[in-house]
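So, here's a batch of structures to check.
Two complexes are shown next, each including chain A; its partner changes from chain B in the first to chain C in the second.
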Partner chain A sequence: MNKYYPAALAILIILLAAFPAIGPEVYYLSFMFSVFMYVILASSWNFIGGYAGYLSFGHAAFFGIGAFATAKMATVFQLPPLLTMLASIPAGGIAALIALIVGYPCLKIRGPYFSVVTLCFAFVVDLAVKNIEYLGGAEGLWMKFMDLPEKTARTIMYEAMLLLMVITLAASWFLGRSRFGTGLTAIRSDEEVAETMAVPTAMLKIKAFVLSAFFPGVAGGLFAYYLGYIHADAVFSINISILIVLMAMFGGGGTWLGPIIGAVILTVVNEGLSTFAQAEIARIIYGGLFIVVTIFMPNGIIDFFRKRGG
Partner chain B sequence: MDAVLIFQSLISGIMMGMVYALLGVGFSLTWGVMHVIHISHGAFGLLGAYAAYSLLQYFGVDPIASAAMSVPLLFLMACGLYQLLIRPITRAKNIIMASMILTFGLAIILENIMALIWKADPRVLTPAYSSGALIVGPFYFQYPHLVGFGLSLVGITALYLFLKKTYTGMAVRAAWQQPEAARLYGVNLFQISMITFALAVSTAGAGGICLALLNSFEPHSHNLWLIYLFLVVIVGGVGNVIGTALAGLIIGVITGLSMAFLPFQWVNLVTFGLLMVFLIFRPHGIFKQEGL
Partner chain C sequence: MDSTENVILSGKKITKRFGGLTALSEVDFDVRRGEIVGLIGPNGSGKTTLFNVISGIYDPENGDLFFGNRKITSMSPHKRACLGIGRTFQIVRPLAGLNLIENVATGVLYGREKKTGAREARERALEILSFTGLSDRASKLPGELILEDRKRLEIARALALHPELLLLDEVFAGLNKTEIGAAIDLTFRIREEYGTTIFMIEHVMKAIMSTCSRIIVLNFGIKLTEGSPDEVANHPEVISAYLGGAYAKC
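Let's turn to the complex of A and B:
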């Protein structure tokens, strides 16, 4: 980390923000939109999964809750486009609130049991949404899209997701450098010792969990509005949850940069595979990636290359 | 409530539960002995079910014979997989997590290979006796269910006797209770892990065939099976064979009864909710943790 680092980052953000100005095709805007989205998901997962070492396998639940809350608010209150996008913020709040309620009992259990309970939580939310008629049930919810040319609309969504990504990454950056983050790392290393050293472990864990649920909630809201139609399968899929874990672990959990790199690489790979290969073959290669990463890069790609570099 | 209906769903619950138990014991053993959470366990069960389906469809092989054949085949295959995939991660700092991610990848691979070969339509195992039923008074038991139940019972009993009576089985239990002490007494932990893994996978195959006799299946069914596996193993206690078997029966009865009295889509919700409650309040199962 040298002193040019923040400046380079600022330039990169400005370049990304200016990207729509050069008039790229809508496809690239959509693609970047999903890259930003996965960076948000993986980085926010990292608060609890990476720093604290509590591997949540149900992170997609918060993403989906945000999506459905936004869609519901937009249809119930007949919100205009701009307000719908802003409605994703209270939707993130709802996701955070649910994280608080669920996290309180769940964060008391550790290791694989925590992973299983979060996995199960994601399944329960998915099934509940599918079976509750009020939330669209098996058919899903439709939303009115903004009354603008497609490109303008996509650009607005692009900038909104970029902004959210910058905020998430800033939060992740400060978290990694604060007492809060240090406390979480202490929990990951040894929870008993941390407890003995007067680290308020229960409090820190729940804070991290709630914070890590808020950002995907907001991202879910933007995503729902972006699609214009939301269905439980699109946002609650267990594959999304696992993908988030993989992205963060692939890059290197518990670091600031890891989830970003992991999310960018895997989104590009995923996009490439689904464009050039048959769906089943693409997924087989994808599954192979999980295996290769766990065997050859157990501590993530950053660590792998750092060691190679000497 | 109709007493006959309650009793009938109780019986079918017990039959289902025995099959869950057979699927669950292997999962429980790999978790307990090797600290490997084998996410693709259900996918191997599904592989067994599909193999039995094809054997029946094209060669007229009875599922019982397929189960008997699949056990040694899957055993050998699992030995290879252990050496290739699982052994490299046994030295990982956090083997449980590493194994979850790795075997999740394996499950995706298996699922999509099955989708390529057998297509995504739901299948059912229909041996010649599939439409017959044993009728006792007001109750009736479909033959495929009886066969699935019987096979599961045989499988679990065999596994139990293996662990209790043979030298290798005792080594497996020793490796579960005191790995370091077992190693000092000359148990080769890698070899024991390989045998445990292979045993688990082959019982999964047999269990998958049994489950296929009871329910229809498709390439992504193993995700749902996995939740049941977790439920059975966590209720029964990780690594506890008898506990797992009893937990399988309990869960079978609960699902059997909820299937009879709840709308279909709420059954899984009940199951998952139950699992969450268990994880939060009794993550070590309902039985006292003892050897086996």
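Let's turn to the complex of A and C:
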């Protein structure tokens, strides 16, 4: 690893933080907001899906749980704007707790059950939220927005999401280099062998899953507040779950940089598609892309180009 | 007979069934501290099954397993590994996506030594790799190694735990004469340097005869006999199990 790398990262973060100061259009702030959000989602998915190799196909559920928990707390406790943003942290905790409940039984066993359970779980949560009147039901929940000019409010949200992204990426960085990360990588490689090498596989998988649900939960809270109105379709969509997997795998699962690159590229693609194409067409394109990535670059685009480069 | 304190591993009436097939039937055995014990038997006699029961991959239907004074019958594999039971696999199973240092460092980080620092673990891993003669290939991936070196990596991976007991599952199989000589040498060096007790499954007679002080023979999941290499090699039932009844009479 190059010794200038940390310095370059620090400069990049400062530049990103200073970006609103040059007075960009609100559109660009919103766009960067969603780039940060997807980097958070893909990088946290990577804890369980990338390092441990346990593909969660329902990660949007945690994002949505965070969103709804925040919205509910904001309305029930009549929280002022700043506290609403902070409420996304306990909301992330709720997402993590639910991950523990869901993950505990299916991560104690090995194999593909986990992917199936997470996929079904996302559908169950979606249906439940739509049918529970307390959580807004079919109508959704409204939140009180900041009493500030739009640009100022957007800037605050931008900085909050940037901060969360930096924290998530720092966690991801340390995880990749820690004993915990080494254990997860061993699990992905051969779980039975990992066990015989004293790696407590079940425990590590559950921890990784809980951690991978926390950050999306917080991001969901910020997103809900950003929208000001939250509806199940906006956060529980299967498209989001698949997009998260696709971003991480496309960039390169099990690496620090992979999900970041994947999330940046595919958010741009997603933005283009949602402007110029219908949702159904977008879904077909994602499906196709997923197949291409799995077949031609199973280890992601970073690995693909690294090998090409010799 | 040694006192029971010297027994590092003992199995009492171990029975393991797969559906209607009894792979192990009431097998009793002891391994004493510092010994090199061989486990032999024809194909399908239950040798690897016994190793899987010892390392915790299979739960036996009946019987008890003790490591030192501790009952480990239903302990999970990683806890047994932590206590100091290391193993290799008959068909080598390195952690494929990780280089040799990372393979070994994983065991160092989680094993008996419980090193927590990444740098410390790497250093220890390098020592183990040089002990097993792999230091010049330390940053290669397991897939780039020849068979002999992959077998060495299996051993290095197990040694990373700093095990008190090492289960070697056919580490000599598929090696040529020179390589077998080197592996025999390595087996003795492991016992000397690490003070590790060794329990090994082996078909290569030369390796068994020159390393083991005692041999346990399994046939159809039943313990046929045990004894010194010479006793076992001349035991009529052993000859009969391997070559058929007609050869046993002479």
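Here, the second predicted complex is superposed on the first by the 295 of 310 C-alpha atoms of A that agree within 3 Å, B and C clash if a C-alpha of one lies under 4 Å from a C-alpha of the other, contacts with A are read in each partner's own complex, and residues count from 1 in each chain.
In this text, contacts are C-beta pairs under 8 Å (C-beta built on N, C-alpha and C of every residue); 3 or more make two chains touch, one makes a residue touch a chain.
This is a predicted model, so every value here is computed, not measured.
Here chain B and chain C are compared by how many residues of chain A each touches, and B touches more. Contact with chain B, but none with chain C, is seen for A:124 once the two complexes are overlaid on the shared chain. Looking at the shared chain after the overlay, A:177 reaches chain C, while chain B stays out of its contact range.
Look at A:106: by the touch rule set out above, it reaches chain B but stays clear of chain C.
Of the two partner chains placed by the overlay, neither chain B nor chain C lies in contact with A:222.
Shared-chain residue A:185: touches chain C; no touch with chain B. Of the two partner chains placed around the shared chain by superposition, chain C is the only one that A:197 touches, whereas chain B remains out of contact. In the superposed model, A:244 lies in contact with neither chain B nor chain C. By the touch criterion stated above, A:61 is placed in contact with neither chain B nor chain C. On chain A, the surface touched by chain B in one complex and the surface touched by chain C in the other have no residue in common. Considering their complex, residues 177-179, 182-183, 185-186, 188-190, 192-201, 254 of chain A touch chain C. By the touch rule above, chain C contacts chain A in their complex via residues 55-57, 76-79, 81-82, 86-87, 89, 93-98, 102, 105-107, 109-112, 116, 118, 121, 157, 160-161.
Taken together, the chain A residues at the contact with chain B in this complex read 55, 105-106, 108-109, 111-113, 115-117, 119-121, 123-124, 127-128, 130-131, 238, 242, 245-246, 249, 280-281, 283-284, 286-291, 293-295, 298. Within the complex, the chain B residues that touch chain A are 37, 85, 88-89, 92-93, 96-98, 100-102, 104-109, 111-113, 115-116, 223, 227, 230, 234, 265-266, 268-269, 272-273, 275-276, 279-280, 283.
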